[in-house]
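Here's the structure we're looking at; comments come further down.
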Amino acid sequence: MFLRVDKLQIELPAPKKQDPNAGAALQELLGGKYGEMSTLGNYMFQSFNFRSKSKLRPFYELVAAITAEELGHVELVSNGVAMLNNGPDTAADDSGDGGDISMSPFEAMQEIRSAASFFSHGGGAVPVNSNSMSWNVDMVTTTGNVVFDLLHNFHLECGARLHKLRVYESLDSGDATGREICGYLLVRGGVHAHAYALALKKLTGVSIEQMLPTPNIPTGKIPECQKYLAEGAHRRLYTFSPGDYRAMAGIWEGEMALPDDPPGELQVVEGMPDGGRIHDLVGQPSAFTPDYAPEEFYEIAQRLTQKAHQGGGSL
Amino acid sequence: MFLRVDKLQIELPAPKKQDPNAGAALQELLGGKYGEMSTLGNYMFQSFNFRSKSKLRPFYELVAAITAEELGHVELVSNGVAMLNNGPDTAADDSGDGGDISMSPFEAMQEIRSAASFFSHGGGAVPVNSNSMSWNVDMVTTTGNVVFDLLHNFHLECGARLHKLRVYESLDSGDATGREICGYLLVRGGVHAHAYALALKKLTGVSIEQMLPTPNIPTGKIPECQKYLAEGAHRRLYTFSPGDYRAMAGIWEGEMALPDDPPGELQVVEGMPDGGRIHDLVGQPSAFTPDYAPEEFYEIAQRLTQKAHQGGGSL
Amino acid sequence: MFLRVDKLQIELPAPKKQDPNAGAALQELLGGKYGEMSTLGNYMFQSFNFRSKSKLRPFYELVAAITAEELGHVELVSNGVAMLNNGPDTAADDSGDGGDISMSPFEAMQEIRSAASFFSHGGGAVPVNSNSMSWNVDMVTTTGNVVFDLLHNFHLECGARLHKLRVYESLDSGDATGREICGYLLVRGGVHAHAYALALKKLTGVSIEQMLPTPNIPTGKIPECQKYLAEGAHRRLYTFSPGDYRAMAGIWEGEMALPDDPPGELQVVEGMPDGGRIHDLVGQPSAFTPDYAPEEFYEIAQRLTQKAHQGGGSL
Amino acid sequence: MFLRVDKLQIELPAPKKQDPNAGAALQELLGGKYGEMSTLGNYMFQSFNFRSKSKLRPFYELVAAITAEELGHVELVSNGVAMLNNGPDTAADDSGDGGDISMSPFEAMQEIRSAASFFSHGGGAVPVNSNSMSWNVDMVTTTGNVVFDLLHNFHLECGARLHKLRVYESLDSGDATGREICGYLLVRGGVHAHAYALALKKLTGVSIEQMLPTPNIPTGKIPECQKYLAEGAHRRLYTFSPGDYRAMAGIWEGEMALPDDPPGELQVVEGMPDGGRIHDLVGQPSAFTPDYAPEEFYEIAQRLTQKAHQGGGSL
Amino acid sequence: MFLRVDKLQIELPAPKKQDPNAGAALQELLGGKYGEMSTLGNYMFQSFNFRSKSKLRPFYELVAAITAEELGHVELVSNGVAMLNNGPDTAADDSGDGGDISMSPFEAMQEIRSAASFFSHGGGAVPVNSNSMSWNVDMVTTTGNVVFDLLHNFHLECGARLHKLRVYESLDSGDATGREICGYLLVRGGVHAHAYALALKKLTGVSIEQMLPTPNIPTGKIPECQKYLAEGAHRRLYTFSPGDYRAMAGIWEGEMALPDDPPGELQVVEGMPDGGRIHDLVGQPSAFTPDYAPEEFYEIAQRLTQKAHQGGGSL
Amino acid sequence: MFLRVDKLQIELPAPKKQDPNAGAALQELLGGKYGEMSTLGNYMFQSFNFRSKSKLRPFYELVAAITAEELGHVELVSNGVAMLNNGPDTAADDSGDGGDISMSPFEAMQEIRSAASFFSHGGGAVPVNSNSMSWNVDMVTTTGNVVFDLLHNFHLECGARLHKLRVYESLDSGDATGREICGYLLVRGGVHAHAYALALKKLTGVSIEQMLPTPNIPTGKIPECQKYLAEGAHRRLYTFSPGDYRAMAGIWEGEMALPDDPPGELQVVEGMPDGGRIHDLVGQPSAFTPDYAPEEFYEIAQRLTQKAHQGGGSL
């Protein structure tokens, strides 16, 4: 089972401008072959299909717990995509009606790389790559062979690192939203690569973690990674659970940070990070989000919210 | 953010026989257009992309919380698929090595409807439908228009009900695993259909919940649904959260169960159901799950588990 | 614009038994690369995109008129698929309710080749091939080059003939529904191949019609084709229009039947063939078609029909 | 069976400039999930697969007749796409040969969003969305359950309205071709949404038509819709048939226009609208449409046209 | 550039019976994610896209040379698929005409798992997996990062080994054709896995070859691998070139066979193996292969062959 | 079996500038429906599946030998794509490390039409069309019917010519790399079209070669084709084999060049053309190709190259 918390893993800086092509670039990290839907999809189905869970508990738990973190990564990148496509929120944006729609208010949308993402999703994120191709089952490997699946995951995280780096390099230095996402995910993806490497080492004796980082640029060279490295995020594996998945400590704890990263012992932390506020993502009535004339809906929602807070005996 | 709990939403009865074609049938409820990957994918991305969350909180929270439940549905169906493909667990199954593989131990796998699911996934579940076609973005609607997205979701849940019913009707009366899944999901899907109907009613004034159930067979006619109806599962919407999503009570509470179902008031329950044990899914060394000669791995895992339990200062 | 007539191009014999694998075989002729969706899709879009229509009128009209016939072919094969999947109609079939659905009434559906076609479409036809793969744009060629598009169409009709022959050869001699469809379409497809060949000959001087029939089995060897050959269907090109497309006679008329076929002059006929009754396709309440307990719907429909017949001032 | 008439449902204003990105935007309304190929594909296959046609005649006929109109919508949007990609016709355009092709005459085509639509289709329309993704079977719902299929169709038409509105908002105010298409289709799509709503109301008693319009902008706010509203197009359902489908009047007639639209009684009209001329779509020999040196072909076509007009005894 | 030799890498034993489901199983090794089209596609495009070829010559050449071997693997598996689908050749099979096709000669083809492979390909191989899903670009990784691409390739070969083993286990002990293919490819795939491991070791220092074999069953346990191990095929890397790719010896030579395999030094061999005869794959006139009445074609071909042998001045 | 030679079929002029949209245009000729992956895929699988090879030898050999040439065409276009995406090589480009990646070095990549081709492939070629859609099995026709497959191939080559012409017309006159590829492939594709036409003529008696060239622009009008025509490349069919495929001379020899082309007798040439040097494709450490800090890898490679040259007893 899964629980949800109404926070992102980190708080994202607001976008300074509407930038749909940057949003489309981020989509590579969401729905690309080496994006978060892939890490999620691989680990999620591997954890469902995991063989002999009771006898291979630390390995099962590692995959199971990272799955939960990946859900939050999918959420984080999706929020970033929607924020970049939508641009800065203005308090008044979603008030009033959508005005005169015959004045071509969205003429600019014809020229963006992924015009369908406006027409169809109103700028929202969907599981496609940066060229709008759908994520699909060909991006999921779940064979049930424990060494091979872990090897696949190790390779997947290295590929994910490469893709994050290149997307990062395409982001305008003023695009704090996208760059923060890349910075954070590079550190967390590094943890997963390291974890799968250690799992493989325990099973096969091969010190495959010495291949890290691949590509061979130290994470420390990326400014947006610094604060996460400084606080030791690269040494922490969260259980992302109220009480389960502690046995994965047998793989992670007792080992040390990678040589290029700030030194220290690896650590399993129960639960989840503090996280940050979710952006409100103010609508555009002219784009029919949440609708053309949404005021009445806001009033209804307000009444229902009050009702919920007053009632709630069972809550 | 998402947390994970190492339980299924319900405990599944063990399969009595290996039945890959039944497993393939269940895949329709996992990766089909009206399957759980679709309900998950639609609500998950809608919740990420939701516009004016602060002003439409009960509606946002409804979609967000149901997303978390759908993750558990994807998990439940996936477990069922893997169990039916794998057959009954035998304690000794994953011990020893895989024996003489030249004796065509998996000749039968050529004849099953989805042979690739054995060759590639060792009988594990993946996001495909009952004909092995991949789930993909064409099954995701997230427009940002609040009425339309809710209407879509209402239609999706009705479609999901129809598909569950037909898959149920294809399951051998001895196939308790698959039928239990259908019974449970029919009740829970009914809750979601009802919830989206009420949300639409609040926004538009249309009593669309009177279209339920569609198809028009009372849930009470399905034996496997009885215990869930009896315990009132059809009246409960869980927050699937340690503390968020209570405002959705404004939509759900104060309304009554549908006329065909056991009567009573609708109720939002904080947290999640008790849930049940996850099947161990014993491996088959002859299929290289977890590997051909896994004993050494079991010993390694046992040592690592002990280490985790001894250490764990930070846990 | 298009008009519709509530008839099939020919009347189909009722199926003698439910035969979903035969239905799936027919799907090759519906959604396969060389199936009717492809002939329709190619000619339809070619006719929309046709360049210099006014200067190339006979060629434009040929493609435009055949498009209309192909719509009827898609309809014919679809009816055949649904009839074979559904089996013989029994007057009482769709009366009463669907009974006890917990008795696995559709257990057999797990074993058919395209189980999803039952779960999802209730046995109805959809644009997929005999292995359930979707028809898609890669099966459409519309370049705007008149010689190349005609050459493509000529090759397409030859390929369609080959596929019809092989599907025909897979149909049980008792399967009159499917065999009648093949017999009719072989004759009509032969007309289209011949017509495109003559169009090419007019433009290029190459007697490409001498390549017909490909594959080189005379149509006369297929018993189900005899009555259509006998009535001269192989020499007739219909306008499938109340008044347009007569200029295509410039290509077709004045030429003779192919040497292997019954001799005679080619002829353009205004309008359409007489056609035959559409099968009622009685529902199965147990499969929720039209619904689980449809009697009330029948009564509603009867009332509305009466109302329509009484009112109708504007009709 | 289907007949074809060599007219569009309305006459389209000629494009003022070549505008391939506008053409690509229109593709969303052709091959997108909520585009005309989808409305066509859903209703066409639903009508083929319709269960118990004789007992549910008004419902069957509604779906069957709208199918025929949708064919004309696919045609209309396709013509628009090809016109925008091609630009204004000039009488002399397709005369002479294509000139010196080594001078990069189509350098600009590398920069358009859908370059393949030039390379492969010479600017013609194909069944893809605005990002060039193929239309496919995942966009077709045909379950055979009458309530569910109608509910799906109602949702589909609402989604189609949203997509038309957004595409409309992206069209330059000078792009009369595309805007006219949107204006017309918004009115006609509104009729279909209304019709499916009434069908659902007859079957279930739910006044779901009160959800219209969704999105909640009155059609009257779109200038290009005015003339169609003024002539009452929003109150007319055509049979699009020489003589069938009159029983659908039982659903449509006796009801009134939606509150936001010009008032009046709903009406079924036998046959089709007057329609308008199809654009000639003059070729570009430099793009090999209809060919590099087409003059000889024009002469051949002229001779064949004359022959057709002289002969034609059987016409 | 590539040259072709009219031989297979090994001679395949003739099939003893027609076995389309075994042919479909082999398709997993052709068009599956871990099949030969994937190894070919990955290495081929990686070799085309290889960066700084001159400075990384041994690594470039390794990928380039293995590409050529993979072409032969695609050929080998394809031949096997076609042979199993076709069954044993009989000298007289393709003589005479196809007989009375109205006697349902291919009724059995409706029941095979991949019926379209008969209808469309006459039993020939195409790039699809064992469930008939198309091979596609999502199965190609070519990032240009040398360590990551090699790591990907290493993982790909391990995955390929697992899939070959499972397909092997599904092949009837009497199916010598398919088993021979698996036996040979397991040995050759082992060479490629070993080679990529050594390349990675040279670049990163990690002894990743110690992870081999994955899955951890010694190749020696598969009877069909014995003769290839005995002749040292596991120690030989061919250049598959008349004169290039010798520098890859820097990676391969000087190293030893893996511990589980017969011992010995690794060796680069210029050129290719001796290879074996290609099966004639006698046609079936009743399936229109090579055609319904092929005798005339054989005579034409014979005359042209004689002409070629007599002329040939330039040969 | 296939051999590889470390040369391209012609030497390509270096690109003068980085031009990813031109690279994307070239992709149409690689992975489009009428691109080189399609000609390769069709002929390769047709040759594997060819029926009655021994009795139809000249026809089999024609398809088999052209397959080998197509491999080189795929290679040629791929090299062109990678060169245009990468831009001019500078000796120093791949030295040193990748510098400060936080300065948005690849901001421009967000705006190119196929951004994923940078993010995922570092500018390398993959089997997709100019809109990034994957090549797939729907682009492969291999029916086993000899006349139909040859007719398909003839149509395919005509379509390929049209696509090459349009891509050529989109290439900037300064883009010598892309234009050279088009020029060469137009001549060689013309040979293949001619060859398939002659094969069809031998079998059916139809002078289909008189349809060439389609589109009807003489190859002589394209400057980049001149040198190839002058040296007689349009009259030569290579065996692309060290010793096989000579019997195809029975189809090709004894015939004359097409009327529009420089006159002369057709000729089969054993082996392959001289070919040209493969571009080095210098990496970009900032894009992690071959890696961020590749110097150490170059040193390793140099040592291994030396070792290979010194050892090599078995070479």
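By letter and in written order, the chains are A, B, C, D, E and F; residue numbering begins at 1 in each of them.
Keep in mind that, in the parts below, a contact is a pair of C-beta atoms (placed from the backbone, for glycine too) under 8 Å apart; a residue touches a chain by one contact, two chains touch by 3 or more.
Every value quoted in this text rests on a predicted model; they were computed, and no experiment measured them.
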Check every other chain and keep only those touching both chain D and chain F; list them.
-> A, C
Starting at chain A, fewest touch steps before arriving at chain C | 2
Same or different: do the copies chain A and chain E touch each other through matching residue numbers, with over half of them shared?
-> same
Which of these pairs, D-F, A-E or C-F, matches A-D in more than half of the residue pairs in contact?
-> D-F
To bring the C-alpha trace of chain B onto its twin chain E, one rotates it, in degrees rounded to the nearest 5, by 120
Can you check how far apart chain A and chain B are, centre to centre, with Cα atoms defining each centre and the answer in Å?
-> 22
Inter-chain centre distance, chain C versus chain E - centres from mean C-alpha coordinates, in Å | 40
Note: chain B residues in touch with at least two other chains are 33, 113, 120, 122, 133-134, 136, 138, 143, 145, 147, 162, 215-216, 287-288, 291
Among line, ring, star, complete and other, which one matches the pattern of chain touches?
-> other
Which pairs of chains touch one another in this structure?
-> A-B, A-D, A-E, A-F, B-C, B-D, B-E, C-D, C-E, C-F, D-F, E-F
Could you pull out which chain A residues touch chain B in their complex?
-> 1-9, 31, 41, 44-46, 48-59, 61, 64-65, 67-68, 71-72, 74-75, 78-79, 82, 94, 120-128, 134-138, 140, 142-147, 202-203, 239-251, 253-254, 267-273, 275, 278, 280-284, 287-291, 294, 297-298, 300-309, 311-312, 314-315
Could you please specify the touching residues of chain E with respect to chain B in the complex?
-> 21-22, 24-25, 28, 32-34, 113, 129-131, 133, 162-163, 165-173, 215-217, 221-224
Over in the complex, which chain C residues touch chain F? Could you list them?
-> 33, 136, 138-139, 141, 143, 145, 147-148, 151-152, 154-155, 158-159, 162, 200, 204-208, 210-211, 214-216
Once bound in the complex, which stretches of chain E touch chain C?
-> 97-98, 100-111, 113-120, 122, 132-134, 286-288, 291-293
